[in-house]
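Presented sequentially are two complexes of subunit A, the first with subunit B as partner and the second with subunit C.
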Partner chain A sequence: MTRITIGPFNRVEGDLEVRLDVEEGHVVRAEVTAPLYRGFEQILAGRPPLDALVLAPRICGICSVSQSVAAAAALRDAMGCEAAPNGLLATNIAHAAENAADHLTHFYLFFMPDFARETYSAHDWYGATSERFAAVRGNAAREALPARTRLLETMGIIAGKWPHSLAFQPGGTTRAIDLGERVRLLSIATAFRSFLERVVFADSLENVLAIATAEELDRWRDGRSGDFSWFLRLADSLRLADLGRGPGLLMSYGAYHGMNGELFPRGIFAPRATVEPLPLAQITEDVSHAWMRESSADPAYSTTVPDPDKAQAYSWCKAPRLSGQPIEVGAIARQTIAGQALVADLVSASGSNVRNRVIARLIETACIALAMEQWIKALRLSEPFCVNSRDIADGAHVGLVEAARGSLGHWVAVRGGKIERYQIIAPTTWNFSPRDSLDVGGPLEQALVGTDVGEAGPRAVAIQHIVRSFDPCMVCTAH
Partner chain B sequence: MGAATETFYSVIRRQGITRRSFHKFCSLTATSLGLGPLAASRIANALETKPRVPVIWMHGLECTCCSESFIRSAHPLVKDAVLSMISLDYDDTIMAAAGHQAEAILEETRIKHKGQYILAVEGNPPLNEGGMFCIDGGKPFVEKLKMMAEDAMAIIAWGACASWGCVQAAKPNPTQATPIDKVITNKPIIKVPGCPPIAEVMTGVVTFITTFGKLPELDRQGRPKMFYSQRIHDKCYRRPHFDAGQFVEEWDDEAARKGYCLYKMGCKGPTTYNACSTVRWNGGVSFPIQSGHGCIGCSEDGFWDKGSFYDRLTNIKQFGIEKNADQVGMVAAGAVGAAVAAHAAVTAVKRLAGKREDAAQDQ
Partner chain C sequence: MTRSDGMTNVLWLQGASCGGCTMSILESGASGWFDELRQFGINLLWHPSVSEQTGEEVVEVLEAVLDGEVPLDLLLLEGSIARGPNHTGRFNMLAGTDRSVYRWMVDLAPRADYVVAVGSCAAYGGVPAAGSNPTDAVGLQFEGSDAGGALGAGFRSRLGLPVINVAGCAPHPGWMMETLLALMSKDLSATELDAYGRPKFIANHLAHHGCSRNEFYEFKASAESMSERGCLMEHLGCKATQAVGDCNQRSWNGGGSCTKGGYACIACTSPGFEGAQNFLETAKLAGIPVGLPTDMPKAWFVALAALSKSATPRRVRLNATSDHVVVPPGRSGGKRSP
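Take a look at the complex of A and B:
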């Protein structure tokens, strides 16, 4: 058996290190390390609760709106108030723009460039792939980056600045959108849809979302241009559906809250079973392999205190579990639980894997591009965007949202007008969690086991595909 | 790599950028740097003849918001100009290489371009526990930072983290996150604070340095004067409402819909030096105050530990009198510490005296 270490990883958000035990060319055990810790939960304790709206988003420069929205949701719970309907819509629009931008970034800047590696130079698709997707010099980024920039002007209109926006409050958003701004938002959403239809899918979003099964997908892509079809071709050629299989269980907290529930509902999904309600009280955190001191397993009562000398530990990341089991989160979980026909069909056939994760992300991008248009039209400009309340109740409160990369929860305990404890479980905390006390690995650790690394060892590109297929956000992971 | 004699111009031409776009880039850059039209030809000339400057971009303890801001610059050529052409030789967020290959690029640049490269640092080193709160490539980030800084021409400290410490250095500063200039003391350092800094400010700074091979003029705190010499308050479009004593009392109230001043909601614009109210954000679309939320002063040292972000700066007894507005600025700036006080007392007084007329005309 040989042990190999891969890291620092590039083209992921933040720092990451992976150690693999390899036997006869196959991974038999994986350890995933989040090597960066800043101590946000320690910093938040003792501060006025509303300050979480400014501090918590700064955990991450990529998913800052998700962090803002989660903090606002937790404080809304603490205030016991409802947000203004317009505020929810405006928040959804901005949050959708961030999530869609994240999906685009992942596809074009982080994930696809791996197929332009020389390892693949013998394939007939290599030349065109390299020209289009190579890191830094590929021509796809030159189309995707401006589209992304334009989409994120949404943040300018709704939130003033991004990353680290301030407009998201427990009661809604700080600023009313006027008629002219609504028109601008609509033109941004339309431009984004047109980018997706022209460059990514080469078809209308309605047609794309009408694809309900794997067979229909095969017929649809036949002879079609566009980057999505190109990816499907690579996925077949490299059998990406056989790569990086997750633990099986999927979870979503429910995404884009509205007056009539969520756009993508809350739930859990077990293989060969149906979607079930989420048993929230079953969420625990295990620190047996994290450089953290023991504390309550319940995130509502746990604290975060580093213990850098802990034996056995190998990550700053705690190990969250649902009913004692590791669980995968992300677009694939959201879309499966939401019953999106194509994603559900693919997952029921082959589970969660590298190919299906990427497909789910792009399909979700199409869904939210359409939803954005609806939300913008639904704004009632003369009505309030924010409900004001400053009464924050003592006690334990929670805010649960979906970031681009999956389920994000903020647990806040308030006492005497100050934050007593703050606990955050981010999407990649779930996906890249270390082992628990039963020595069960996190989703990525499980997904890596069995991977054929062949002669390449640490240079095996399969490892890169698997790691990136989760779209890790390492700075959120251990915060 | 392997392009020591390559110029910026030859790189962009190879990328298929037209000469016309190149000149447009030069004149826009000159304008954004406040250098006037004649400087455009100087910039063009420099970019055509001088070897491009390698830039090493490293990440310490941070959240990547600086990179995120940077890649969204609305500057027409920025995605090409800066991402690929100014030779961003190492940026682990977007680069192609991984692992040991990536480490090798650092080593190669350090040796080959000794004393010539720019080290751009996003984030900062945590010093507690021997640096193990930020391990990069098996080594504490602080070691990597010191190694790369040793042979750099100059260092850009991106954002509030690298410049001041930022929220991760907030009490109790669990990891002892430490700004760059406390760790590297023998190299010129330019601070570009903000959480994150504005994209156009970042590209402006990079372009200036790579074009002229030196740092732009800095203030006493090490910030480029061209972008950090005015308070948000000085050029805030809501300033007339401050002077008139018209204030927002609650989010999205009637006063908010009329665009009144956010001072009472905790706005730190009167004590914050940055270009948000002029350059604005996300392609010049808006900035925090325009979204109806006060400025939190994210480009100022210590902004994270000055009491609640929603508390008022200080009590002002008489609204609507210019002189008092400036006193507010200086009283609060004085509280920040000796360095800032010196800055506020010496630089700001002179500047405010001079800038007052401009500000009045703008409104």
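Take a look at the complex of A and C:
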């Protein structure tokens, strides 16, 4: 058996180290390390609760709005108030813009460049793929980056700037939108739709979302241009559906809260089972392999205190579990639980894997591009965007949202008008968790086992595909 | 240092970072940031978010720089240097290298013609240094507003400059690109930096300059709660009259800024900004904001404020505490006078 270490692992948000035990060219055990700890939960303790709106978003530059929205939701719970309906809509519009921008960034900047690696030079698709998707020099970024920039102009109207905005408050958003601005928002959403329809899908979003089965997808993509079809052909050529199978359980906290529930519902999904309600009280964190001191397993009561010399530990990341089990989160979980026809069909056939994760992300991008248009039109311009309330009750409160990469929860305990404890479980905390006390690995650790690394060892590109298919955000992971 | 290919080598590393500065600079350039880099002859030796090289390939790049085989024109760090625990840097290891980012930066910095701290974390410590500063986070050459930091107050890069601090959380993409390009054209000398290492073309302005709420400021017509249109200084914590930056003279994300967005400037370009509490409330003594413009006698400010409040037009007063315009500009009645 040989042990190989891979790091710095880039084109993930932040840094990552992966250690693999390899026997006869196959991974038999994987350990995933989050190598950065900054101590946000320690920094937040003792502060006025509303300071969380300034500090918590700064955990992450790529999903800063998600962190804001989770903090605002936890504080709204603490205030016992409702947000202004316009504030919820404006939050959803900005949050959708961030999530869609993240999906684009992942696809074009983080994930696809691996197919332009020299190792694939013998494939007939290599030349064109390298020209289009190679890191930094590929021509796809020349279209994708300006499209992302334009989409993020949503933030200039709703949130002042991105990343790191204070526009997302417990009672709504801080800026009323007027008619001219609504039109500008619509024009941004329309430009984004046009980019998706022209460059990503080469078809209308409605047609894309009408694809309901794997067979229909095969027919649809036959002879079609566009980067999504391009990826589907690579996925077939390299059998990406056989790569990086997740643990099976999927979870979503529910995404884009409105006055009438969520756009994508909350729930859990187990293979060969139906979608079920989420037993929130069954969320725990295990620190047996984290450089952290023992604390309550319940995030509402746990604290975060580093223990850098702890034996057996190998990550700054705690190991969250639902009913004692590791669980995968992300677009594939959200869309499966939402019953999106194509994603549900793919997952029922082959589970969660490299191909299906990427498909789910792009299909979700199409869904939220359409939803953005509806939310923009639904704003009632003469009504308030923010309800003000400042009374924060002592007690334990929680804010749960879906970031681009999956389920994000903020648990805040308030006492005497100050934050007593703050606990955050981010999407990649779930996906890239270390082992728990039963020696059960996290979703990525499980997904890597069995991978054929052949002669390439640490340079095996299959490892790159698997890791990046989760769209990890390592800066959120251990925070 | 001249390159045979005429390209400028840039190495970008991340320390105790959120990655937000990278997310911001990716908004730069009409045909995308990569095209912009190409146009200016910038060769990204490696960037954690966008480069192809990973694992061993990255270590080869870094070692080639350390060995002097590859010349390094610009070394950029995003994120603070986590020196803890006990000066080991273990809170922030560069994966796969068994070495901390702290150690890598100390070794790499003397190799670079210029060293740039991208964002307030790399410059001064920033948000990770807040509160109890659990990781002993500092900036490259400052610890808050004290000179020192990871590289020490005396550090100078190969071309004799201290660390150039592009402060901000996150900085405007233009601040980062303009600093890089000004360094490349040798236009950014030590005299072009302020006392905290910030380029003066940014730091000679206040965030307040160009604020769209200026009329409310002039009349001290103040917003009282979030989402109202009035000035944010008197009640809602705005520090724009004290914080440097041409924030309100630029457009953020196509037209925004913090104060346009309806919330206070938290002085994110200032060393130690993270140490404040109650960011969205103005600290007051005897009803007077503690943080007044720094170069104006307090008594004058109070007197002028009282005068302007008494002269506030009804339109300005009513709009200040409303989230929509309730009284549009125009005459309050009567005919045009001859």
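One rule holds for everything that comes next: the second predicted complex is superposed on the first by the 479 of 479 C-alpha atoms of A that agree within 3 Å, B and C clash if a C-alpha of one lies under 4 Å from a C-alpha of the other, contacts with A are read in each partner's own complex, and residues count from 1 in each chain.
In this section, a contact is a pair of C-beta atoms (placed from the backbone, for glycine too) under 8 Å apart; a residue touches a chain by one contact, two chains touch by 3 or more.
Keep in mind that this is a model prediction, so the values were computed, not measured.
Trainee: Determine, for the superposed arrangement built on subunit A, whether subunit B and subunit C clash or fit.
Mentor: Once both complexes are aligned on subunit A, subunit B and subunit C clash.
Trainee: Given the touch rule stated above, what does A:L55 touch, subunit B (first), subunit C (second), both, or neither?
Mentor: both
Trainee: Using the touch definition from the top, say if A:A349 reaches subunit B (first), subunit C (second), both or neither.
Mentor: A:A349 sits against neither subunit B nor subunit C.
Trainee: Where on subunit A do subunit B and subunit C both make contact?
Mentor: Subunit A residues touching both partners: 5-11, 13-15, 17, 35-39, 42-43, 47-48, 50-51, 53-55, 58-62, 64, 109, 113, 116-117, 134-137, 141-142, 145-146, 148-150, 152-153, 155-167, 169, 171-176, 306, 308, 316, 384-386, 388, 458-459, 464, 475.
Trainee: Name, in rising order, each residue of subunit B that touches subunit A in their complex.
Mentor: 15, 59, 61-69, 71-74, 79-80, 83-84, 88, 92-100, 102-103, 126, 129, 132-138, 166-168, 170-175, 177, 195-196, 250-253, 256-257, 276, 280-283, 285-294, 296, 298, 304, 308-310
Trainee: Please give the residue numbers of subunit A that touch subunit B in the complex, ascending.
Mentor: Result: residues 5-11, 13-15, 17, 35-40, 42-43, 47-48, 50-51, 53-55, 58-62, 64, 84, 109, 113, 116-117, 134-137, 141-142, 145-146, 148-150, 152-153, 155-167, 169, 171-176, 306, 308, 316, 384-386, 388, 458-459, 464, 475 of subunit A touch subunit B.
Trainee: Quick check: in the complex, which residue numbers of subunit A touch subunit C?
Mentor: Subunit A residues touching subunit C: 5-11, 13-17, 33, 35-39, 42-48, 50-51, 53-55, 58-62, 64, 105, 109-110, 113-114, 116-117, 134-137, 141-146, 148-150, 152-167, 169, 171-176, 178, 306, 308, 316, 382, 384-386, 388, 458-459, 464, 475.
Trainee: What does subunit C use to touch subunit A in their complex?
Mentor: Against subunit A, the touching part of subunit C is residues 14, 16-24, 26-27, 29-35, 37, 44, 46-59, 82, 85, 88, 90-97, 127-128, 130-135, 137, 169-170, 225-227, 251-264, 266, 268, 274, 277-280, 323-324.
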